[in-house]
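Below you'll find a set of structures to go through.
Each of the two complexes below includes chain A, the first together with chain B, the second together with chain C.
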Partner chain A sequence: MDWDKLQRIDVRWIYALVIVCLLVPMFWPLGLPITISENTRKVWEAVDKLPPGSVILVSHDTGPGNAPELNPMLSALAKQAFEKNCKIVGVAFFDQLVGPPMFQEYVGSVAEKMGKKYGVDWINLGFRLNATATMRQMCDDIHGAMLGVDWENKSLSDFPIMNEVKSIKDDVDLIFVTTVGTPGYGDWMTYVAEPLKKPLTGGASLTMYSGLQQYIRSGQLQGFLGGLRGAAEYEQLVGAPGKGCSGMDAQSLGHMMIIAFLILGNIGYFASARKKSRA
Partner chain B sequence: MQLRRQLPLIVVFVTAVLVMLFKFVNFGETGKNVLSQMDKWSQVTSIVAFLLGPINLIRLHLGNVTKRRPRWVHSALTLVVTVVFTIVFALNGSNGEVTLWIINNIAIQISGAIYAMLGFYICSAAYRSFKLRNLEATVLLLSAVILMLAQAPIGEEIIPGISKWGEWILSVPNSAGMRGIRLGAAIGAFAASIRVILGLERSWVGGSTAE
Partner chain C sequence: MTAEQWGAIAGSICIIMAWSYLFKESDIYYFAEHLFVGLTVARGLTYTFENQLKPLVLKDMAEKGQWTLVIPVVIGLLIYCWFFKGLRWVARITMGFWIGYGAGYSLGFSPPVYLKQVFDTFTPFIKDGRFNFGGVLYFLVVITALMYFLFTVKKESGVLKYGSMFGRYALMVAFGSAYGSITMAYLSLVIGKLQVIFKDALHLVK
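And then the complex of A and B:
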């Protein structure tokens, strides 16, 4: 057999197999168990140790591409937070079209199921440009930083929750950030979490995972949800398997397929090198 | 003409000195109020600067369409979408029913599909480039395989405990490398900022670098 042909498999076969690997689990779920990582457990603990009635500031800084990874984190957080009677205040700094509507949809659907009221137990403050300036201002004056309105341009003073939450410094107990880059944890640490000594946790797309480990090791970031896997683990911890868990089977098959092609490509590479050395 | 280049440099220098002064010297409430006011100015400036984006986009694509440059049809489509969406946004509001329908069913789906295509390219690129050519490539390939298995539940089924290996790779060798990169980048950014504040770096105002 001409083994070095394995180096030159038509790319269309690879693409076709990727599609198959993503489609198969939709019809025949594998239902593989998901082990909980230390980082995910730390996120869960950061929320769990909050006393009832605490306020969690959520910054949902996602774009459309990463939304499927990050949105399930919001649902799981909302479930855990509302079960503890914590309040959620949401903002967005990355994408005006995605962050606020997704926050509204995902936190809103959990709130509805759990009987939590908008403006009383949670609120969506919407999107603001210039994240770092807004963050700095929010430390002392959330109303001023958000120009006094929520994402529907309704006055913040009309909502009971915002009569309690005036500033991050005095009224926020945990900062939960889901991000795809900038603004990210670096900004939140520099301008908010470190100066005010507020705990910071959250999740990000898996591509950012490697760049954030040093913050976890230093204790500046209390745990971390890494991509869809992190979301799935968090869903399991809060006892609400959702979109994160359902995406895990596709991720399993996709990763296995890449590894299979890596093996095939390397067999072809060595066969080709051997042929050349003989010639 | 000279002032056109010097004025931004003066504004940057004065603003930077003021911010540093009020940040690092304790002026009490006055200092806090000045910094808070500056943050508000910064927010307003960003909103105005944000307008430049659509203006430049329209200028560029309008030029492409009127001069019938190659692929001008794409530019025409961009203009139509920009205008239509702006009108919808203006009439329906940023969270109106129609606006949200467009965002959820068109914008997010298209962007998500484009992003999802990365999966195909990554798969094909990994197949073509990850070869055991030398020691470095072998380390890279092995790390990649361990992390891929660690990130998917099936990995734990094949090799029990592999997710711990993945966590170790990320938290020990990876953290060490990333800290080095970040420290280097931070020092570089600091040096670059000092050059901009002192007016030594002028390429951003259309001038040449002084030193």
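And then the complex of A and C:
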């Protein structure tokens, strides 16, 4: 067999096969089991142990690329939080075009189903520049930091929820951050969570998984939802399978295919190297 | 059809146009690229004006009378002096201000956060009457990875040689783990886009 061929496969065939592998389970779900990791359980527990009526500050710091990974986390969080009658205050610091509208869509759709009102049970404060300075100001004065308006430029004093939530220091019970980099956990931890001794949890793109281990290990980050997989686990825990769960079969099959290609590529490499050394 | 469905259809067309790059570079791809850049810039400008500048000028300055905010605005605007050859030095004032503020601000808050992680490195080797393998491994990896980055001493023999070698392998394992995570993340992104096409736009998937 000509093993060299394995190293010269047209990359477009690989792209096509990946797409097929991801598409098949979407039409014919395989129902592969999803086990709940300890980190996901810790996130669920962080929300679960909040007393009813607590306020959760959500920072949805995502761009267009990573939104599919992080958006399902918001739906699951909203379901768990609203079931406990907790209130949600949303901000965004990464991308002004993605964070606020995605927060509005995903938290809003759950709120609508559960009969929660905008401005009473949840609010979207929108995007602000200069994340770290805004975070610091929010510790003492959320109204001032957000320039007194929500994401649609409506005055914050018109919303009952904002009459209760004046500062992170006195009125926020949990910080939930979904992030793809900077600003992210490092900033929230440094400028808000650690100085104010507030619990910090959330989820992030899986690209960040390795780099966050020290925060989880030290307990500075209470659990972690890792990408779509973490979102799927969280959806299972809150009993609301959604976009996260529906993508897991496809992801598992995609991984199997990539592993198969890695093995084939290595077999090809070693076999052709052996052939050359013999010749 | 609702606006949401139109949005999903337009999004799907854009996704396919962008993905055409995987097959071959083409005008379709470049059209999608320029469309994306144009839309992003336009919306970004509008959003910044409406949600940042307007409240700053109308509320904070005009309503509340906080006219001192003009000072940082002027310092910020000095950056545009970069475009005038003789005045480039003025733009450096903005940069200097920004870098100085950033460094001072960050150093003021960072140490306690990192110290907690440093303390956490030293966990007991025996925990609950059992050998704490994870803790020992963590400690060894931290120490040996630091050894690998010691460039001012020769590491030709002894503890430093083998320690830095172990550190290098540990770093390679960490990079492998990061690479695996990135692969998984990218697949998630493709799945997300496929869901937009087949679920939100075409309604072929439940």
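Just so it is clear, the second predicted complex is superposed on the first by the 279 of 279 C-alpha atoms of A that agree within 3 Å, B and C clash if a C-alpha of one lies under 4 Å from a C-alpha of the other, contacts with A are read in each partner's own complex, and residues count from 1 in each chain.
We adopt the following convention: a contact is a pair of C-beta atoms (placed from the backbone, for glycine too) under 8 Å apart; a residue touches a chain by one contact, two chains touch by 3 or more.
Owing to the predicted nature of the structure, the values given are computational and were not obtained by experimental measurement.
Participant: Which holds for A:96: it touches chain B only (first), chain C only (second), both, or neither?
Facilitator: both
Participant: Answer with first, second, both or neither: which of chain B and chain C does A:68 touch in the superposed model?
Facilitator: After superposition on chain A, A:68 lies in contact with both partners, chain B and chain C.
Participant: Should A:256 be classified as contacting the first partner (chain B), the second (chain C), both, or neither?
Facilitator: It touches chain B, and chain C stays clear.
Participant: Between chain B (first) and chain C (second), which does A:118 come into contact with in this model arrangement: first, second, both, or neither?
Facilitator: In the superposition, A:118 contacts neither chain B nor chain C.
Participant: So, A:266: does it touch chain B (first), chain C (second), both, or neither?
Facilitator: The first partner, chain B, only.
Participant: Looking at the overlay, does A:195 come into contact with chain B only (first), chain C only (second), both, or neither?
Facilitator: Second partner only.
Participant: Just chain B (first), just chain C (second), both, or neither: which does A:37 touch?
Facilitator: A:37: touches chain B, not chain C.
Participant: Should A:9 be classified as contacting the first partner (chain B), the second (chain C), both, or neither?
Facilitator: After superposition on chain A, A:9 lies in contact with chain B alone.
Participant: Is A:216 touching anything from chain B or chain C once the two structures are fitted on A? First, second, both or neither.
Facilitator: In the superposition, A:216 contacts chain B only.
Participant: Just which bits of chain A does chain B share with chain C as contact spots?
Facilitator: In the superposed arrangement, which is not itself an observed complex, chain A uses residues 15, 18, 22, 65-68, 96-97, 126, 128-129, 133, 151, 153, 206, 209-211, 214, 217, 226-227, 229, 251, 254-255, 258 for both chain B and chain C.
Participant: Taking the touch rule as given, give the residues of chain B at its contact with chain A in the complex, in rising order.
Facilitator: 32, 35-36, 39-40, 42-43, 45-47, 50, 93-95, 100, 103-104, 107-112, 114-116, 119-120, 122-124, 126-128, 130-133, 141, 144-145, 148-149, 151-157, 163, 167, 170-171, 174-175, 178-179, 182
Participant: Under the touch definition given earlier, write down the residues of chain A that touch chain B in their complex.
Facilitator: Contact set of chain A toward chain B: 9, 11, 14-15, 18, 22, 30, 32-35, 37-39, 63-68, 96-98, 100-101, 104, 126, 128-130, 133-134, 136-137, 140-141, 144-145, 151-153, 206, 209-211, 213-214, 216-217, 226-227, 229, 248-249, 251-259, 261-262, 264-266, 269-270.
Participant: Would you tell me which residues of chain C are touching chain A in their complex?
Facilitator: These residues of chain C touch chain A: 22-23, 40, 43-44, 47-48, 50-52, 54-56, 59-60, 105-106, 109-110, 112-113, 116-117, 119-120, 138, 174, 177-178, 181-185, 187-195, 198-199, 204-205.
Participant: Quick one: in the complex, what on chain A touches chain C?
Facilitator: On the chain A side, the touching residues are 12, 15, 18-19, 22-23, 26-27, 65-69, 96-97, 126-129, 132-133, 147-149, 151, 153, 186, 189-191, 194-195, 205-211, 214-215, 217-220, 226-229, 243, 246-247, 250-251, 254-255, 258.
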